[in-house]
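Letters A, B, C, D and E mark the chains as written, and numbering starts fresh at 1 in each.
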Amino acid sequence: ADLTVFVAASMGDVLGEAADVWEDKTGQHVTIAPAGSSVLARQIAAGAPADIFVSASPEWMDWLDQKGMIAPDTRRDLAANALVLIGHGSGEAGDMPTDIAALLPDDTRLAMALVDAVPAGIYGKAALAHLGQWDALAPRVAQTDNVRSALALVALGEAPLGIVYATDAASDDRVHVVAQFPEDSHPPITYPAAITADALNADAARAFLEWLASAEGQALFARYGFVPVTE
Amino acid sequence: MTLSVNIKRRLGDFALDVSFDAPDGVTVLFGRSGSGKTSVVNVVAGLLRPDEGRIALHDRVLFDAGAGVDVPVHKRRLGYVFQEARLFPHMSVRDNLLYGRKASGLKGQGDLRRVAQMLGIEGLLDRRPARLSGGEAQRVAIGRALLSEPEILLMDEPLAALDAPRKAEILPYLERLRAESGCPIIYVSHNLAEVARLATHLVVLEDGKVLKDGAVSDLLSDPSMVRVFGVRDAGSVLTAQVVDHADDGVTELKVSGGTLWLPTVPAEVGSHLRVRILAQEVLIAADRPVGLSALNVLPVTVLSMKRGDGPGVIVQLKAGDDTLLARVTRRSADALGLHEGGTCFAVLKSVAVAPADVGGGLQSG
Amino acid sequence: MTLSVNIKRRLGDFALDVSFDAPDGVTVLFGRSGSGKTSVVNVVAGLLRPDEGRIALHDRVLFDAGAGVDVPVHKRRLGYVFQEARLFPHMSVRDNLLYGRKASGLKGQGDLRRVAQMLGIEGLLDRRPARLSGGEAQRVAIGRALLSEPEILLMDEPLAALDAPRKAEILPYLERLRAESGCPIIYVSHNLAEVARLATHLVVLEDGKVLKDGAVSDLLSDPSMVRVFGVRDAGSVLTAQVVDHADDGVTELKVSGGTLWLPTVPAEVGSHLRVRILAQEVLIAADRPVGLSALNVLPVTVLSMKRGDGPGVIVQLKAGDDTLLARVTRRSADALGLHEGGTCFAVLKSVAVAPADVGGGLQSG
Amino acid sequence: MDYLGQEAWQAVALSLKVAFWATVLSLPLGIVTAYALARGRFVGRQILNGLVLVPLIMPPVVTGYLLLLTFGRQGPVGGLLYDWFGVTLAFRWTGAALAAAIMAFPLMVRAIRLAIEAVDPKLEDAAATLGASRLRVFCTVTLPLIAPGIIAGAVMAFAKAVGEFGATITFVSNIPGQTQTIPSAIYAFLQVPGGENAALTLVVISITLALGAVALSEWLARRVAHRISGK
Amino acid sequence: MDYLGQEAWQAVALSLKVAFWATVLSLPLGIVTAYALARGRFVGRQILNGLVLVPLIMPPVVTGYLLLLTFGRQGPVGGLLYDWFGVTLAFRWTGAALAAAIMAFPLMVRAIRLAIEAVDPKLEDAAATLGASRLRVFCTVTLPLIAPGIIAGAVMAFAKAVGEFGATITFVSNIPGQTQTIPSAIYAFLQVPGGENAALTLVVISITLALGAVALSEWLARRVAHRISGK
């Protein structure tokens, strides 16, 4: 039978290509259903016909795990990402500014995903706090419902600066990376995947996950800008 | 079948409090604008709920506040010609006409063709109401009510918007209906020619109350009602029998007080008719006149004389068993030496009893 | 100020093609239901656009297809009483009445009190239209049009829904209006008593065309028009002058053919009046009659005799300069030996010229 | 438009199907509700009135969650539906239709209600005097007279159903070929780098579709109005 | 409800402000548009008709994005507004009101249009014969007669404005106290595990608010209808 993969929207395209490759390889059809991690998690809790869940943050995977909706011992990180400060237009990457607020002209804002709700925002807030800049920047943040909207604000020039994933920054040439946040400034940005407890096709799911974690799979993630994970 | 109405209802400052019986045939509601005619009709139809009282058609109770009976409008089996046409704008004239038949589960088109012809709307059957003239719409509304074959027919000034020739075409149909259907017809009208011709029973409303009700012939020849009907329209209604149709186009009629000659009346010899004689069309002569273009002279006795507001005198005359009203000036009354109990002659031009006033035979009342 | 109408317009199968002049005073549009009366009025109002033609009020062109002139409705300065009341449901009666004044920038309430009183709606001023009776609504609509002080007044069967006493109260007001305003009034009516009383000019429509138009007195005494007006309503209109008010409540009037005595007429000595004499209220006598309750006898000459459909004969009589119509049976005509050119006497009951038929003085026509 | 790919075209077809059935199936209930609100005199009328508006007031995502909680396989209604009839709504196109119908319901009801309130009760009275029962009066007089309002309501509902996103993706997820409607597909394209063009194309397609429906309905409404006025 | 915190209450106050102004300010344009669509005979009527419906059809996020492109500081209109009047919409509550107004516009226009179409032109003709210009006829006859439709349209718009989320957050982001409306707050709560209770409380509050508005409007509408019918 077909495999259905519920995947965090930001990973939709990588997994879309992976599914095509996998089908060519094995004849196994894989359906990719992208949406927000919170939505997907709740749907799986409500009995959604997903075989695999790929989350954009560990929290929702934990949440499902606590509910017993994850097949034991199937959870693994598929990829990692880096967090970057971006600016409108072109420019050179450099060191992380020590006073980002000073780089924001009056009456302009720093675009981020929701800082208490959406993973990219949560990581960004943690990183800024780690750098001791959060208090100064908090009143200057424009929060968006997802990280792509934050990217759009910077791309359009509505916000001069923003915080997004490295994968996002690479995708839009209207923005440039100002600096990458140090890896230790925020919790590791990983994309955990697992087979659901109700998976109809657990064996095929397991094989697909294995392949995604293999060198071939990881090379694909790398091509989309993700950081491969090595276990 | 008699319709008994006995109800009360408040409408703002206006209080309706009426009680009357409408026997078979046509009961006319008469009264000034705002006297409550439409309200009474709406109460009978079930569109206006009385505060108290009872309405019954023979033994079928339509409304009884005490017993908690209130038959819904669509089960009252009535036909209602509203004061405004109220046609269904989205249906053709034909569908408007047949609506009641379909709604009451009647088969076929009934009298559609005959009714349409009588109303002069055969050519309009496929038209929408928005494209009708005022009078055409009103005629369709009449047809719509007639074709539903109701047990009570309610007509609120149905002919007010129509011209005289059209009225003259519709009235005989209504007369036939009255004669054939045996259903009570409640008919609102300001037009005394219509009243005299159609009504068997008359209910005069004033300010929400019944001022007087009774048989048309009694009320119209009641001198005290002249105030209500107006001097110009006061008159009496007599029952006459057709005796003969003469060659020169004159019909001989017998009334209790003598013989009348009228321009040919389309009725069989032996049949009974109603004729209306307006007070102002009656002349009084001391002696039987000669050399006058009036064929009808009846010997009469003066019953009473009543002075009106103006210079006129309403003279009530007895002609056989019937009562005639005549209106003359005081000057004439004096010149002729009229006095109660005196005898004289009532002169009426034969043509003064116009065809439009010759109604079908009286069934009752 | 004369209103000239000369237009064509198609409405489905119906073709309107009329041309007439309406002088100062009242021009009545007369015709059967569906003959195009409302359409003509709508064209004058600007609510129905003619396909071709021209409409002008004196030198003010309202519409001219050729010149591309089409004055918008609200600039035509007219008052229109519609066949249905069309009151504004969200305004009180008072606001309805004053709407036209506000819209045309007129100051104050104008004749509000007088008009409301005349129409018997003083007590309804704070009511909403939904709570009015049919006749009450129509009266408010009349008031609304009158109070806007229009330059042309269009009235489509304004009195059809009203009772006779109410009509009798409104008609004198309209007469005064006609006398005072000097604006053309276009008046649709089926009621010949109204026509005779109000109209100076008459336009008879048949199937969208003008069958005949002219002065009322000419048309009503034209034997060939009896077919149109109906036998019962045919008659002539005479101009009379008040000579004296006698003590016993009789007014003496001079007409060209002699003297008439009428129940007191509320008009000053010396003023001119219009009186209507129905054909069927005229008796013909070979010799001057005696001992009869009819005060009015005029010596006349027979102008023409016209047989109708029935057994009646329409006799056209010359009384002085005026023409009278009389309707007698063939039998009577023969008995009296009537022939063209012969002389005889026209007898009319004084009361036959009813108060409702006595109109204000003629201005013109 | 090859770059749209098969999945996008599936989304277009699915959106049409979903919007059509959402509109058609909710119409009878919409008419009944509108009639009850316009003419009914029952306790709870105000409550019903408010209830109908709720989907308009709540963020669509919340509506979607409530649907998931109620009609999901684990939900009270969804469970019964499955046990008794074997019907599943969650994660099916039928569920998408349900979500769209609920979101569109307030619009439909209000349009129809306004039309009903504009019908002159005197005409209904006239029909009753001719022997027509309340139901017959409704079917033969009220219904034809409110046809323009029904058409207007249906168009609003259809347009809304084509555009509905939040409730749909939350209730039935975003499974290509099964529950991925045009808006979900647009969302998926917008979440991944470089998807803007495809998203834009889909936006244009959905506007075209809905405008087609609007034009059709206007034409229908004109014909109906024409028939009613007889002009 | 202490756990809601000050920010949530700010969101409630802001939502009311945004919905109120969105409704009030768009009403005149809504009436004019509805009148043009109902009675106008101009080329482009069909196009205007479709245009008005567009916000209903497009996913809200797309509408928000287009607003950003147009009314952002860098956008053609937004730039002019800023240069000429010093007005900024992006990241301001005024922008939220604009987004809400645009999303609610189709509902408002349709309700008012239906009401206008139900007005008997014969009454307008009657007013014209009494000397009233077209504008005066509209103000004194049409407008009072469509008052119930206007109220209905305003309520729909208000309810929609209270619930609008996608376009708002995309256009003006989520800045607590400035642009964070109730739906944004609800969304944020729903994104994190365990946020359901807070979200639910806000849902209840927003429904209560909107139903209050509905009740008020129904009462108003009844009074108006009462005045019109004079019953």
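Going forward, a contact is a pair of C-beta atoms (placed from the backbone, for glycine too) under 8 Å apart; a residue touches a chain by one contact, two chains touch by 3 or more.
Bear in mind the structure is a predicted one, so any value in this text is a computation, not a measurement.
Chemist: How short can a path of touching chains from subunit A to subunit B be, counted in steps?
Modeler: Each step joins two touching chains, and the minimum needed here is 2.
Chemist: Work out which chains are contact partners of both subunit A and subunit E.
Modeler: D
Chemist: Using C-alpha centres only, name the chain that sits farthest from subunit E.
Modeler: B
Chemist: So, what's the distance in Å between the C-alpha centres of subunit E and subunit D?
Modeler: Centre separation, subunit D to subunit E: 20 Å.
Chemist: Mind checking the centre-to-centre distance between subunit C and subunit D? Centres are C-alpha means, answer in whole Å.
Modeler: Here the centre of subunit D sits 60 Å away from the centre of subunit C.
Chemist: How many angstrom between the C-alpha centroids of subunit E and subunit C?
Modeler: Roughly 57 Å separates the two chain centres.
Chemist: List the centre-to-centre spacing of subunit B and subunit C in whole Å, with centres computed as mean CA coordinates.
Modeler: So the centroids are 26 Å from each other.
Chemist: Would you give the residues of subunit C that are in contact with at least 2 other chains, written as numbers and ranges?
Modeler: Counting only residues that touch two or more other chains, subunit C contributes 84, 127, 131.
Chemist: Out of subunit D, which residues touch more than one other chain, so two or more?
Modeler: Subunit D, residues with two or more chain partners: 61, 65, 187, 190.
Chemist: Two or more other chains touching the same residue: where does that happen in subunit A?
Modeler: none
Chemist: For this structure, give each pair of chains that are touching.
Modeler: A-D, A-E, B-C, B-D, C-E, D-E
Chemist: Under the stated contact criterion, what part of subunit B meets subunit D in this complex?
Modeler: 45-47, 72-80, 82, 84, 86, 88-90, 99-100, 103-104, 127-131, 144-145, 148, 154
Chemist: Which residues, counting only subunit B, touch subunit C once they are in their complex?
Modeler: Within the complex, subunit B contacts subunit C at residues 11-12, 31-34, 37-39, 83-84, 120, 127, 131, 133-136, 139, 156-157, 160-166, 168, 190, 192, 229-233, 248-250, 261, 263-264, 280-281, 283-287, 289, 291-295, 310-312, 326-334, 336, 347, 349-352, 354-356.
Chemist: Can you list the subunit A residues touching subunit D in their complex?
Modeler: Against subunit D, subunit A makes touches at 4, 6, 9-10, 12-13, 31-35, 39-40, 42-43, 46-49, 146, 148, 167-168, 170-172.
Chemist: Given the complex with subunit B, which residues does subunit D contribute to the contact?
Modeler: On the subunit D side, the touching residues are 122-123, 125-134, 136-137, 140-141, 144-145, 227-231.
Chemist: In the complex of these two chains, what residues of subunit E are touching subunit D?
Modeler: Listed in rising order, the residues are 46, 49-50, 53-54, 56-62, 106-107, 110-111, 113-115, 117-118, 148-149, 152, 155-156, 159-160, 162-163, 165-166, 183, 186-187, 190, 199, 203, 206-207, 210-211, 214-215, 218, 225.
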